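Next come two complexes built around chain A: one with chain B, the other with chain C.
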Partner chain A sequence: MKNEIVLEVKNLKTHFISKKGIAKAVDGIDFVLRRGETLGIVGESGCGKSMTSLSILRLIPSPPGKIVDGEILLNGKDLVKMSNEELRKIRGNQISMIFQEPMTSLNPVIPVGEQIAEALRLHQGLSKRQAWDKSVEMIGLVGIPSPEKRAKQEPFQLSGGMRQRIMIAMALACTPEVLIADEPTTALDVTIQAQILEIMKDLQKKIGMGIIFITHDLGVVAEMCDQVGVMYAGQIVEHQNSATLFKNPLHPYTQGLIGSLPKLYEDQEELQIIEGTVPSPYDYPDGCRFAERCPFAQKMCIEKQPELIQYDEDMKVRCWKYTNQWQEESSSREMVTQ
Partner chain B sequence: MFLFILKRLAQIVPVILGVTLVVFLIMQMVPGDSAVILAGEGASKETVEELRENLGLNKPLHEQYLSYIGNVFQGDFGNSLKNNQPVLDEILIRLPITMELAFFSILITIVLGLIAGIISAIRPYSFSDIGVMVVALLGISLPSFWLGLLLMYVFSIKLQWLPVAGWDSAAHIILPAITLGAGGAAIVARMTRSSMLEVVGQDYVRTARAKGLKEHVIIYKHALRNALIPVITVVGLQFGSLLGGTVLVESVFAINGIGRMIVDAIRTRDIPMVQGGVLIASLVFVFVNLLVDIMYRVFNKRIDLN
Partner chain C sequence: MKTTVIEKKAILQVSELKQHFVLKKEVMFQAKQVVKAVDGISFDLFPGETLSIVGESGCGKSTTGRSILRLDEPTEGNVLFRGQSLTKMNKRELRNIRGDIQVIFQDPYASLNPRRTIRQMLEEAMAIQKVLPPNQREARMLELMNHVGLRPEYLERYPHEFSGGQRQRIGIARALAVNPKIIICDEAVSALDVSIQAQILNLLKKLQKDFDLTFLFISHDLSVVRHISDRVMVMYLGKIVEISDTASLFKNPLHPYTKALLSAIPVTDQTQRKERIILVGDVPSPINPPGGCRFHTRCPFATDLCQKEEPTLRESADQHFVACHYAEKLSS
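Then we have the complex of A and B:
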């Protein structure tokens, strides 16, 4: 049961088409998510993490956004080709989402209990009473004290941490197979962050859903994820087990990211940085998208884009350094210098 | 909540003082002498003087005002200068007519305005949106007396579907109510549209969509409830101009309401009548505003009324 694939994304491309041109926000993403597993997607702002997550439930603002290519398979069924009505039955039921902003993601004029209950009535056909009871139960389950009282309150009466718990309760009410968590702890302070992550892990054990965890916080990745995909400029540049990723990052970008973390037991004058900026999604270079910022970049990196290659079991990387061509080129370079 | 309502009701006292004072002073400044007008053309000087004496019009202004305001607080609005009947009786006969007209007009403002605004907002920049907004622009631009005459010409005279004027049956309400409500409906439509468009882009609407809710639930439950908050304020303000509009519309359609009563009273310099009419209109406006504030709180519990 546990290793069964629930969600598979193949060559997903989400582009934004406007007068300015075409922004390739998501440009050929592949990953699989297994039951009970947590897949982290990390990357800096604007790399396409959130757009990837919104694309899965087809929630990208359209127009201008459009899924131009690829498949999103939930238990083998393609969500991209589904009718809106079919997809509607999956949203909030088999796949749920938690958003980054707990302050604005709940409806300000509807009691939070009702906001949870409405999905239960819709997807599980519960009566008003049953849905309300279940909603109160869920609010208790995410660790909010006196859930009966809280359920009747409106979001403005709850703190940020409580609102995010409500979002989690809402997302998990229908026991989904996949939970997409888009930076669920970014807007919260650190102690609340830890509590929220604990609750998510706990409920994952109970419900057994697969989680796609979008974040830019590498600490959270280490804490939460089994697998990690590192995104850069709309593409996955590296995919590894989180256990090995921190010890052995392959891609120069990942190395840069991990290198930029402050180290607890070393005396550091300055934190490491990655020089340069992310290329504009309207105008990606022909070669490797990281080449401009990469300390190892060679002529071939600027000329041609590398593929995502299998480096080892459970290790994929999009970098020329790990290809045979690189070996050949570097030996020829060495010959020239000799 | 209770305290809030009590506070607001107490505010009525200064409103009465202010309104009566302003109307009283304006009526004094308006050219024309009530006594002369009442006595009629060709009346002798003595008759006019006697009339003036009897009506207390030769007393100093502040005395006239103070005795009037004292009586008002005792529920006596004075007698009409024209027929010596109590002003309050006249008002009580006419007020229900005006209220009925105002009620149906505001109903048209709200219902028509909301429907048009939602149609526009669901598909912004589509043909239906542009069409509705052009009509709304017309609705705002057309003066009500002109719209009233136009409707009367088309529906009463040409098509003969509806009565021309008067206030006898339900059919009589339709044209005046549309005339009076149209401008407000247009404003409400534009407000609803912009408010809806803003709300539809909010995060919580995306959350509702991510929950798999049906589109009409998203629009009417999640978006509209939030979009209505600014619309309620506009409806409240519209009610004020609507009361002003009754003056014109009642005259155009020959309806014996408060508005027409005030116009007639101004024409004959019947000061107590004018003051009574304006005072009642102001009181109605104050109550409607109180109602709007309470509604505001019902739709948006974040508002602390105190």
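Then we have the complex of A and C:
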């Protein structure tokens, strides 16, 4: 059961069409999510990680956005081709989502218990009474003390950490197969973040859902995820087990990203930096999208875009450095210099 | 280095600073509601050092920065800058002194006027503080742009034309324009991506060296604080719970709150992960903070004494101050 694939994304492309041109926010993403597994998607602002998650739930505002290519297979069924009616049955039921700021996703004037119960009545066909009881049970499950009392309260009466717990309770009420968590702890303080992460891990063990964890925080990735996809300029540039990623990052961007983190238990005079800035999604270069900032870039990097290649078992990287052509080019250059 | 810092005379002395905000006045049977954002803190800032204030939301770290500059009038206490009392100054004197103490905020976009070019902003700052005669300002502006790593032609541009990292550089340039002695950095790198954050941190360190600046660095991010500070001060609900040099704070935290805070930080190297202390519950409301030690409601080691008596900030190890009744017992 555990290794069964629940979600498979193939060559997903989400573009935004405006007067300025076409912004390729997500530009050919592939990944596989298995039951009980956590896949992290990391990257900096504008890399397309949130757009990927919104695309999976078909929540891209359209127009201007559009999924122009690719498949999103949930248990083999393609979400891209589904009607709104069919999607409504899946959202909040088989796939749920938690966002960064719970206050904007909760209805401010309805008691939180009722908001959770609503999803249960809608998707699971429970009666009002049953749904309320289940809702209170869920609130208890995410570690909120005196759940009966809290269920009757409105969002503003709860703290930020509690609201995020309510969001988790709501997302998990219908025991989804996939949970998409988009920066779920970014707005929280570290001690509260630690609590929330612990609860998510705990509930994953109980329910067995696959989690797609979207974050910019590499520390959180290291703690939460089994697999990690590193995104840059709308593409996955590296995909590895999180255990090996931090020891052995392959892509120069990943190396730069890890290097630029201030270390908590190490003295550093100066931080490593990545020169330059991210290219505009309206106008990506022909070659490797990181070439302009890459310390290793050669002629071939600027000319032609590398594919995401299998470097080793469970290790994929989008970089010319790890191809045969690279070695040929390097050796021919050595011959010239000799 | 540690000892030389201490022998120097403090450039900024904060004593018994309190910042209370009245939410509701006393009416009939309802009690007065007062947020005690900062509740009696004292510390010294020495020339050339970086002192960080860390803590979670609502601990009073930003309010401390604002009270020092009197952006909010402090309720009580005294702040001395080179022996002059900031709290007793009139408006004009205060304006003059603000040239010596500058601030950089978290969101540079919100603190840059969108309808002014960079040139106009720098010009204005210099004019108000009368740093240079007008004919020398042009050269100074070019110099500033160079210091913060921006191209000179950007002087003619507006804030919206820049990325987040570049805007932060503009904020820094503007602060530097008036030759300050102290810069208060309030979450100055928190909104930036890690690769950009690294650029700005390196820049701040370099500028500190080049211009002999003193930083009061306010942040919630402990890895950033570890990297940039000489000394660190940890706040919880308006009080200082621990203050020490960076190395000993991270190696040997004494207060249970500091320990929990350090252990809660997710790290990429799982072998260095400390045993996690998960605190129960949320930070109590600063409106009616708990009596005794303010941390006792969440502290795993709290006793009756902690509920009754507030611990004072005392020197537990060499230059390592902590406000906990049981600091020594807990660390042994």
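Note that in this section the second predicted complex is superposed on the first by the 336 of 338 C-alpha atoms of A that agree within 3 Å, B and C clash if a C-alpha of one lies under 4 Å from a C-alpha of the other, contacts with A are read in each partner's own complex, and residues count from 1 in each chain.
Please note the rule applied: contacts are C-beta pairs under 8 Å (C-beta built on N, C-alpha and C of every residue); 3 or more make two chains touch, one makes a residue touch a chain.
Model, not experiment: these values are computed from the prediction.
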> Which term applies to chain B and chain C once both are placed on chain A by superposition, clash or fit?
Replying inline: fit
> Regarding the shared-chain residue A:R165, is it in contact with chain B (first), chain C (second), both, or neither?
Replying inline: neither
>> After the superposition on A, what does A:H251 contact: first (chain B), second (chain C), both or neither?
In response: neither
>> Going by the contact rule set out at the top, does A:R318 touch chain B (first), chain C (second), both, or neither?
In response: neither
> Given the superposition on chain A, which partner contacts more residues in chain A: chain B or chain C?
Replying inline: C
>> Let me test your reading of the model: by the given contact rule, A:R34 touches which partner, first (chain B), second (chain C), both or neither?
In response: neither
>> Per the contact definition in the header, classify A:K89: touching chain B only (first), chain C only (second), both, or neither.
In response: first
> Touch check for A:Y265: first (chain B), second (chain C), both, or neither?
Replying inline: second
> If you take every C-alpha pair with one atom in chain B and one in chain C, what is the shortest distance in Å after superposing?
Replying inline: 11
> Where on chain A do chain B and chain C both make contact?
Replying inline: none
>> Residue numbers of chain A touching chain B in their complex, please.
In response: 57, 59, 88-93, 96-97, 99, 101, 104-110, 118-119, 122-123, 154, 156, 167, 170
>> Touching residues of chain B toward chain A in the complex: what are they?
In response: 202-204, 206-214, 217, 221-222, 225-226, 229, 299-302
> For chain A, which residues count as touching chain C in their complex?
Replying inline: 44-45, 159-162, 189-195, 197-198, 216-223, 243, 246, 256-258, 260-265, 268, 270-274, 277
> Of all residues in chain C, which touch chain A in the complex?
Replying inline: 56-57, 163-165, 193-199, 201-202, 205, 220, 222-224, 226-228, 250, 260-270, 272-273, 276, 278-279, 282-283
